[in-house]
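Structure first, commentary second.
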Amino acid sequence: MDRSRLEAFSDGVFAVAITLLALDLTVAGPTGHGSLTDQLHEKWPAFLAYLISFFMIGIVWVNHHALVRSIIKVDRTLLFLNLVLLLFVVLIPFATATVADYFSEDDWDTQVAMMLYGGVFLGMSAGFGAIFEWTLHGRRVYQPLPPERHWAARARFVGGGLVYVVAILVALFSAIASFALIALVAVYYIVERTPVYPGPGDAGSDQPVLLACYPDE
Amino acid sequence: MDRSRLEAFSDGVFAVAITLLALDLTVAGPTGHGSLTDQLHEKWPAFLAYLISFFMIGIVWVNHHALVRSIIKVDRTLLFLNLVLLLFVVLIPFATATVADYFSEDDWDTQVAMMLYGGVFLGMSAGFGAIFEWTLHGRRVYQPLPPERHWAARARFVGGGLVYVVAILVALFSAIASFALIALVAVYYIVERTPVYPGPGDAGSDQPVLLACYPDE
Amino acid sequence: MDRSRLEAFSDGVFAVAITLLALDLTVAGPTGHGSLTDQLHEKWPAFLAYLISFFMIGIVWVNHHALVRSIIKVDRTLLFLNLVLLLFVVLIPFATATVADYFSEDDWDTQVAMMLYGGVFLGMSAGFGAIFEWTLHGRRVYQPLPPERHWAARARFVGGGLVYVVAILVALFSAIASFALIALVAVYYIVERTPVYPGPGDAGSDQPVLLACYPDE
Amino acid sequence: MDRSRLEAFSDGVFAVAITLLALDLTVAGPTGHGSLTDQLHEKWPAFLAYLISFFMIGIVWVNHHALVRSIIKVDRTLLFLNLVLLLFVVLIPFATATVADYFSEDDWDTQVAMMLYGGVFLGMSAGFGAIFEWTLHGRRVYQPLPPERHWAARARFVGGGLVYVVAILVALFSAIASFALIALVAVYYIVERTPVYPGPGDAGSDQPVLLACYPDE
């Protein structure tokens, strides 16, 4: 099986999910809901959650992009691991909307909403980690990692997932601290780069010239 | 006509439909609808239906992907058979939302909702079977099935459709048994693989090297 | 400019619009809206409108597909004519939902809804005709029509548009007759094939072998 | 990294955002909301805002298309600048819906809605300008602008952004004047063409023949 439809379908899901994020931003309309400025002002958690979720989906798309292009051949297992990743990506607009709706309340419900939010990111992180684990076995990528570097690479993924576990635990005590922690993760990921396999066409690659004909090069 | 836009359009519809599934998960908001934990708890049929429908669409996408790439040339008949398949794919979010809304009621309406849910999957299955039937005639796929294997292959498709007929009939007596049956079908399809034509580029293919230039290889 | 992004963007819009059609099918939920069977029964205009609009968008996608692939080079004018076509495609879910909501009323509003529905299809037809007109001038398609066949080809497009004008006029007297007429047009388009330019790769084409490397062949 | 998934993802977001614009056009239904003709009549700001936003997204897509295809190699910085652009594209349906809901009020809220509308276009313009700025440095496009033309090219972008600043300031005094100004910008952009780099395959390009194998040529 070829990579291009896996990419096309995943890109479609990422694109729809990232655009649906803004659906929850709608204000209630002119009749009987207070002034527009007040409404926009009260919606700050919605805007912050939109911003965080937008960049989280964007980052996962960037990393997905980089990981998938290093893969030689798509098999059925990879397609289902990819579906698991997308299962959580599709839940992000729902989790974002729940945080946005409940954040101003500042009670147990707000903390539950934050746990849901952290949980969806944890699931997404686990789905991505499973795809990465798949790439470590057999001859599945153009330039495989040497076995002695497997554990160091895994440690990074587990570390990323642990931050979400901490964010979920922190939400048991303070929703706003949990929100701040997840926002920091988003900022960190924008600055730091996930190490990826060098793909065909990258510097150091010894792919023959004809590969320039492959549709995603 | 070329395969790539058929794939691009179908991938788009699959991607939008699978992402819209989560639109029905929204909770009602903080004012006057009970606590968030209660709401999430009561929504278990919505989450289960989301999970089943997500993997059903995912599986059909995987199988569609595998079937279409074995096709040499797209004609107008195939485009319309594909539209029939997509007609039912697009109805899945609607059927899923109806099951989610009515499941906790446990009355005749719940059973009607389950019949609708099973009916949409039956239609999707029939649409997919029609595309498969189309591939059996003429020189339409790279490596056609020998005629003596046509009936065995058809039997698998008819068998898949029959499960949905049973699920619809079971819903006349018990919505939950019907739901469980459809969930089992989803699990079965994740584990079992639909036999597909070997495509160009697969082991055993004798396609010339220049085919590496085709955009979907 | 290249064809592939024009196709990708248009396919995306067609795919989203066709999937959003089903968003209006949602039933009102179990509390205080009558039984599910009654609701589904009363929604027959919604299901019929969904069916018609689904195949109308599908047909335009098929024809768009066939027309665009015959084009050698995309220019800015074509991009804007394509946007005009898409402007009306995007309005179809809105017009469909309006027909679905108002059809059971059977009063002036129903007739207005039908005029809106016919008007959106008329606009879509005009947008498609404008793209076809663009292909008639200069060296824009691989195998241009000889000038003496221009008027015959145009007549077919104008004829298609006239049916919608008639449907709008009929709606002034009877919404249901107008609905039936538009349904007949959809059925006609599924059966009849719009004549298109032969593209590269079709029988009769004299494209060199290297064109097999072009991404949409 | 390759251009094709950047284009596919961006095309997906543009396509979904442009289609979601029409979601706000829904009329309220037959019961107790006045006649359909009245409702459609009162919704003129919604239709006008739909039209403007549709062409604004369409124009940015056309220009994005032209700019990205001139880029030799996508890096991580470009991916994030592109996400910033898309962040504002995704907000357009929200801003459009807010203008549509508040326009008929003609009070401070209407002016706030127009400022929001202008602000989203300003952000989109800044995001596009940042991508353009990125193309000015290093060997990033096939045919770079000579340094002496950098400032003239930048001036055009800054000029475009300034119009939105003026539209936001005008909204402090008159919402309708601000609306008219933004409508004029949309009309201007349809007529005038943003200067873009000549891409490979354009007249004047000296790309070797093998580039015809690249997927977006």
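The first chain written gets the first letter, and so on, giving A, B, C and D; residue counts start at 1 in each chain.
We take it that contacts are C-beta pairs under 8 Å (C-beta built on N, C-alpha and C of every residue); 3 or more make two chains touch, one makes a residue touch a chain.
None of these values were measured; they are calculated from a predicted model.
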Proportion of interface numbers common to chain A and chain D (over half same, under half different): different
Rotation, 0 to 180 degrees and nearest 5, that superposes chain C on copy chain D via CA atoms: 90
Mean-CA-position distance for chain D and chain A (Å): 25
Computed distance of Cα centres, chain C from chain A, in Å: 36
Multi-partner residues of chain C (each touching 2 or more other chains): 8, 11-12, 15-16, 20, 23, 213-215
Residue numbers on chain A that touch chain D, as the complex places them: 7-8, 11-12, 14-16, 18-23, 25-27, 29-30, 35-37, 40, 51, 54-55, 58, 61-62, 65-66, 69, 190, 193, 199, 201, 212-213, 215-217
Partner chain C, residues of chain B touching it in the complex: 1-2, 4-5, 8-9, 11-13, 15-17, 20, 76, 79-80, 83, 86-87, 90-91, 93-94, 97-98, 101-102, 104-105, 108-109, 112-113, 116, 210, 213-215
